[in-house]
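Paired with chain B in one complex and with chain C in the other, chain A is shared by the two complexes that follow.
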Partner chain A sequence: MLLNRTSSGGRWRIRPDGPAKVTGELTYLTDMTKEDMLYGLVLRSEHPHARIISVQTDKAKQLQGVHAVLTYMDVPGLNAFGIAHPDQPVLCEDRARYVGDAIATVAAETLAIAQQALEQIEVEYEILPPVDDPELAILDDAPLLHPQGNTLHRTAFNRGDAEEGFKLCTHIIEETYYTPRQMHTYMETEGGLFVPGDDGRLTVYSPTQHGFMDRLQLSRILAIPQSDIRIVSSPIGGSFGGKDELNVQPYGALLAVNTGRPIKMHNSRWESVRAGLKRHPMKITMKTGTDADGKLLAHQVYIISDTGPYSTLGAEVLNFATEHVIGPYRYEHLDVKGVSVFTNNGMSGEFRGFGGNQAIFALEGQMDRLAERLGLEPWAFRKLNMRQLDDLGPFDQPIAMTEGADQVWDAVSTSPLWLEREKIPLEGQSAAEPWIKTGIGAAFTMHGAGLGVGIPDPAGGRLELAVDGKIEAVFGYEEFGQGLIAALEQMLIEQFDFAQEDIRIIIGDTDVVPDSGSTTASRATAMMWKSLQRLHTPFTEQLLERAGAIVGRPAEQLRLSEGGVRKKVGDELLITYGELAKAEGEPIRCETSFVFPTSPTDRVGAHFMYTYSAVAVKVELNTLTGRVKVLQQYHAVAAGPVINPQGFLGQIEGGSSMALGFALMEDAVMEKGHYMTRNLDTYLVPTIADQRGKIEVQPIEHLPENDEHGPRGIGEVGSVTLAPAIAAAIHQASGKWVTKLPIDPSYLQETPFFLSKAVNGE
Partner chain B sequence: MSMNVQETLTSPLVWHPQTAAEAWQYKQTYGIHSVFVAGGTLLRTHWESGAAPMPQHFIDLSAIRGLNEIRVGEEGLLIGGQSKLQECRTNPLLQRHFPMAVDAIRSIAAPSIRNLATIGGNIASIVGDSVPALLVYDASLIWYNGQTEQEEKLSDWLLAAGQSGYRNDRLLLSLKLPLKSETSRGDRDENSTNSKMKRFGAFHKVGRREAFTPSVVTAAVSGSITDTGLLNKIQIAVGGGQTIPRRLIEVEKEIVGTAVDGEMLRHLFDRALELYEPREDVFASASYRKQTAANLIVTELWKASGRFIGQGG
Partner chain C sequence: MSDKAAEVQVPFQLQCSVNGELKTIAAPPSTRLLTILRDEMELTGTKRSCEIGRCGACMVLIDGRAVNSCLTMAYQCAGKQITTIEGLSANGLDPIQQAFLEEGGFQCGYCTPGMIVSVKSLLDDKPNPNVDEVAEALSGNICRCTGYGGIWRAVQRAIEGRRYWK
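Moving on to the complex of A and B:
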């Protein structure tokens, strides 16, 4: 059954944070102010690559209203940050490696004074040639951006002998695919309020996807204990991976500690583009071969990823891409290599899909080309080579088995949209407007959730009865628009029978919440579900035993319900949660902590839990302009039970809208290390007018009987498969193969048929 | 809300003249340190991007009486320069007599911006997306030069404005669109009993997304075909991006009066590629823009011709 409002019935709930968001009432962290606050700004490098000879701050410091002008010499602790490998300078010492590199930071009484102070800072640069091409950057004669060289990370995975395998192949497709530097384009740009307390502690109100990681990183920079820092990190106006790494926090924190005054920082969109993360642009070369019957024999891949100047999660993204270019198919021989390369381009980093988007565009492109070469229907060709139920994962690692691959394949193959494909005339021509061509394509993925083997991946949460009688659910996860609060509320209502009014959800405050790990990698809802499973019995027992003692009945005869505890039979409310909270006794509180399940393998980054998903898409190509419109989408997603129908739909639709941008228009264009798209008037994301087509979402909720892992992640998959499906649809429409995203309209443009001499031979 | 880092220590002064003469006087007084501001929607983007410095004096045109009216004058429809794009878009006179202009205006920016931006501002930007449609309608501009009102053909002004070092201190008062007897009968009335002519007209804007996008190519095509298949009238204008819009007068003259057939369409296509000289940027090459414009233009004629050409007929 398709997922929508009607089919969801009573499970379709208005999300608790919805009304305040759509009315604009909600105060985001970047809306916060404090009476005596100062404004913080950052001076960033003018050049993508330069030696810094000197930084003179005297003039800036002398300006009236300026309270601090800090350089690297004012960083008390580690002058570096980075989730995986801290190598990005908080403030540059002698070298700037990209146009967002921070050189100084200023606090002043007004924004205008702070701006003027930035202009008064004199930086003497020796301009160095920018290393802007990752392929040149790894050559021996390239200027070194880091002492250890320009290679951040290399990956390799082999099975069998690919060279020998290709000798046995009847059909071989070789192709190179290019993907763009996509921007997260969250509505709320980076910022926050940084408040030094009278107790010597620092409170940071600033969006992040992992408060405890920010706390750790800031404690290293400030050289103060983590316990002296409190991170308040939700609500967030969008993140998509882009705010997981530190952004303005080091500067706000340094300025607050230095001046003793609250500091407000909020990036303009211009600064957000310049300094912020983007999706890794990748060039993926593939050679894939089959035997005469279409059975995959050998698959060879080389990924080159432009990671920009510093590490952040560049290595982890490459690991993910390396796993996902293998994907859900069986091959005898595999030879996969990848390299993540430092350049003087913008910072690349974490972004919804995490390297899967690039990998699947290439991999599914190969599948469609091979199918055509073989004269096979493309979906049937996939089935021929698809993984079987108990196959190992892409890295030959044990994985949590589900029938997801088959279920998703079946759903697409019988979907009306896919069946319509056969009815589209050759090269999709319409009779009335022959320059309009339509086509239908589809693509498939298995997308890993969690951080993977070798990376700490804690999870957990807490339930307690608060003194005012509210049931508090306390988790270290973040609400950045994805609907986490709504999902948690729905689980508490459905699994415990609480009423909405009984519940208080507390997230995003390191002083209060347990370390539940990061809100990334499609993991949070699954980990909340797992936490509640673990907490259900002990928490219920504690509540019922306390209630039983008060009302004088055995706990076994009682049940939790809306408003309080009732008899198992009958509707009578025996005691409210408020009364229960006032009763004598130890606080009622249960906490759980565990780790995200991982595969028993040594392969770093290998995943254990996967979501299977596929999309069929119908597009319309106008050959006069070369422009493509997406007319209709059908998504099949095998991710276990749907926790929150509205949230599920929102994730798939929202992810698909990002994928539409990735496929058709989004690219942060750089020339010689400078952004050409510096604002949203040139960096274009899809508007509602680009997304008028119908989107259907088919959730496949079935899991194997003995499955203990529950719902799989759906935060990313919606963004993964659409681009290759669009490319396949364009091929049906026009006969052309797209290899580069975003799709260049000039490649699809044709001279009108009525001008061709052959036809016009009269 | 993001802080505006462009905020300066000395904010500009905003003058609110009540008459054109007063506005012109401010411009004389403050010269290059001042700018006429209507909706300010485009200027703001220039200041923000650093493409132009924010001057010390804004001369706000919104209070000048009579500049936001749309009315029928002796020689045509007069549209006050301060008319908002949204007012133009919904104006029944414009909708009835100048549908391509309405189509063009509807394609500009987004609703919130069209509520602020003015038709005068769009024209004064030289590369506004309304301009090609207005060119096809033979629009004129009414300027105030400090003493009198001056009328100038839009096409003439665009030629002058395209010259390097061009400077214009005049104030754009209004836009005049001639009401021709045939257009007044209704542009889209193909079966009019008064005419055996088949009329056609279309405005196209191609951007990098479907809405709220800077244009890559704009093209307006309008004309009529006799019942014997001859091209009776033709007006073609092209623009887009930073390209100054122009009429393709040369090819209009070459094809008017000829039969609309494959040969003519090929000629039109080739000449459009030659005559249209778009400015390129990192997002779209000149050759893509040329091909797009030529494709759209010939296809309009092909559609008007009855779609037989090239179909074996």
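Moving on to the complex of A and C:
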């Protein structure tokens, strides 16, 4: 059944954070102010690559209203940050490696004075040639950006002998695919409020996807114990992976500690563009061959990824891409290699899909080309080579078995949209407007969830009965719009029979929540579900036993319900949660912690849990303009039970909109290490006018009987499968193969027949 | 010279109505309305995002029409009626807000106040807009989270709801 409001019935709920959002009452962390606060700004490098000879701050310091001008010499602890490997300077010492590199930071009484102070800082640079091409950057004669060289990370995966395999192939497709530097474009730019307390502690109100990681990183930079830092990190005006790494926090924190005053920071859009993360641009070369019947024999891949100047999660993204260029297919021989390269371009890092987007675009492109070469229907070709139920994962690792691949394949093959494909004449011509062509394409994915083998991936949470009688659910996850609070509330209501009013949800504050791990990698909902599964029995027992003791009945005869505890039979309310909280005894509270399930393999980055998705899409191509309109989308998503229908639909719709931008319009173009875009007038994301087509979402909830993992992640999968489906649809419409995203309209433009007639003088 | 100096000494005072209340605000005439609302009046429901008129996060109603407050200067507001998102729900939720809630026309919510203000301006002007008119009216409001599916549904529901309530 398609997912919508009607089909969801009573499970379609108004989000608990909704009223404050639609009325504008919700205070985002960048809305916060405090009496006495100062404004913080950062001076960033003018050049993508330069030696810093000197930084003079005297003039800036003398300006009236300026309270601090800090350089690297003022960083008390580690002058570096980075989630996986801290190598990005907080404030550069002698070298700038990209146009977002920070050199100094100032605090002043007004924004205007802070701005003036930045202008008064004199930096003497020796400009160095920018290393802006990752392919040149790994050559032996390239200037070194880091002492260990320009290679951040290499990956390789082999099975059989690909060279021998190709000798046996009847059909071989070789192609190179390019993907863009996509920007997260969260509507709320980075910022927050940094408040030094009288007790010597620092409170940081700033969005992040993992408060405890920020706390750890800031404690290293400030050289103070973690316990002296409190991170409040939700609500967040969008993140999509982009705010997982530190952004303004080091500067706000340093300035607050230095001045003893609250510091407000809120990036302008240009500041956000130049300093912030983007999706890794990748060049992926593939050679894939089949036998005469279309059975895949050999697959060879080389990925080169532009990671920018510093590590952040560049290595992990490459690991993910390496796994996903193999994907849900069977091959006899595999030879996959990848390299992530330092350059003086913008920072690349975590972004929804995490390297899957690039990998799947390339892999699915190969499948469509091979099918055409073989004269097979593209979906049938996939079936022929698709993984089977008990197959190992892409890295030959054990995975949590589901029927997802078959399920989503079946769903698309019988969907009305896909069936319509045969009816479109080969070139998708319309008689009245022959320059308008339509086409239908589809693509297929298995997308990993969780951080994978080799990265600490803790999870957990706590339930307790608060003194005021509220059932408190306390988790270290963040709400950046995905609907985490709504999902948690719905699980508490449906699994425990609490009423909405009985519940208080506490997240995003390192002083009170347990470390539940990061809110990334499509993992949070699954981890909350698992936590509640583990907490259900002990927490219920504690509540019922206390209640039983008070009302004088055995706990077995009681049940949890809306408002309080009732008899198992009958409706009479025996005791409210408020009364229960007032009763004497130990606090009622249960906590659980565990790790995200991983595959028993040594292969770093290999996943255990996967979400399967398949997408069919119909496009309309105007060959006069080369513009592509997406008319209709059908998404089949096999991710186990739907926890929150509205949130599920929103994740797939929202993710696919990002994929539409990735395919058709988005690229933060750089030239010689400089951004050619500064704001949303030159970086275009989809608007409502681009999203007029119909989108259908078909969740497939069925899991194997003994499955104990419950819901799979859906936060990313909506964003990875659409681009290759669009490319396939364009091929049906125009006969052209797309190799580069975003698709250049001029590539799809055709000389109209009436013009070619005129030229030919007919 | 002396005339000019005298002119400068009379500080500009913006007089306008904000959410139905008459206000006198001392601000240089070129101050952006967005700054006045957020920083002076603490009406932070109006959001700051691009500051060049491209995203609609800062949308407010000026005399009933949707306007980007990041592009509007104080002097342009003199004598005008300004309504922010806070003003829309002064007497309980507007049917448009209710529709966004029920249909899930938001996720992170950062674009939502501006989006709702634009819908309000559209529907006050054209109670039964067609699809093209909706697309046109909202194409200056970027939502990065929802993909606009929930927003289309919310607008549709708001149109029906307003018909019903009238």
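Rule of thumb we're sticking to: the second predicted complex is superposed on the first by the 756 of 762 C-alpha atoms of A that agree within 3 Å, B and C clash if a C-alpha of one lies under 4 Å from a C-alpha of the other, contacts with A are read in each partner's own complex, and residues count from 1 in each chain.
Quick note on the criterion: a residue touches a chain if its C-beta (ideal position, glycine included) is under 8 Å from a C-beta of that chain, and two chains touch if they have at least 3 such contacts.
Please read these numbers as outputs of a predicted model, since none were measured by experiment.
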Does the superposition put A:267 against chain B (first), chain C (second), both, or neither?
first
Taking the superposition as given, does A:73 touch the first partner, chain B, the second, chain C, both, or neither?
neither
One more residue to check, A:2. First (chain B), second (chain C), both or neither?
neither
Per the contact definition in the header, classify A:655: touching chain B only (first), chain C only (second), both, or neither.
second
Touching partner for A:389 - first (chain B), second (chain C), both, neither
neither
When the two structures are overlaid on chain A, which partner does A:31 contact: first (chain B), second (chain C), both, or neither?
both
Applying the touch criterion given at the start, work out whether A:17 contacts chain B, chain C, both or neither, answering first, second, both or neither.
second
Scan A:380 for contacts with chain B and chain C and give back first, second, both or neither.
neither
With both complexes superposed on chain A, which partner does A:745 reach: first (chain B), second (chain C), both or neither?
first
Of the residues on chain A, which ones does chain B touch that chain C also touches?
31, 189, 266, 268-269, 679, 681, 686-689
Residue numbers of chain B touching chain A in their complex, please.
1-5, 7-9, 45, 48-49, 110, 206, 208-214, 217, 262, 265-266, 269, 282-285, 287-288, 291-292, 295-296, 298-299, 302, 309-312
Across the complex, what residues on chain C touch chain A?
38-39, 42-52, 54-55, 57, 84-86, 88-89, 93, 97, 100-104, 106-113, 116, 131, 134-136, 138-153
Inside the complex, what are the residues of chain A that reach chain B?
31, 39, 41, 111-113, 115-116, 189, 191, 264, 266-271, 435, 624-627, 629, 664-665, 669, 671, 676, 678-679, 681-682, 684, 686-690, 745-746, 749, 751-756, 759-760, 762
Taking the complex as given, what residues does chain A use to touch chain C?
5, 14-15, 17-28, 30-31, 33, 184-189, 235-238, 240, 266, 268-269, 480-483, 646-647, 649-650, 653-658, 660, 679-681, 685-689, 691-692, 695
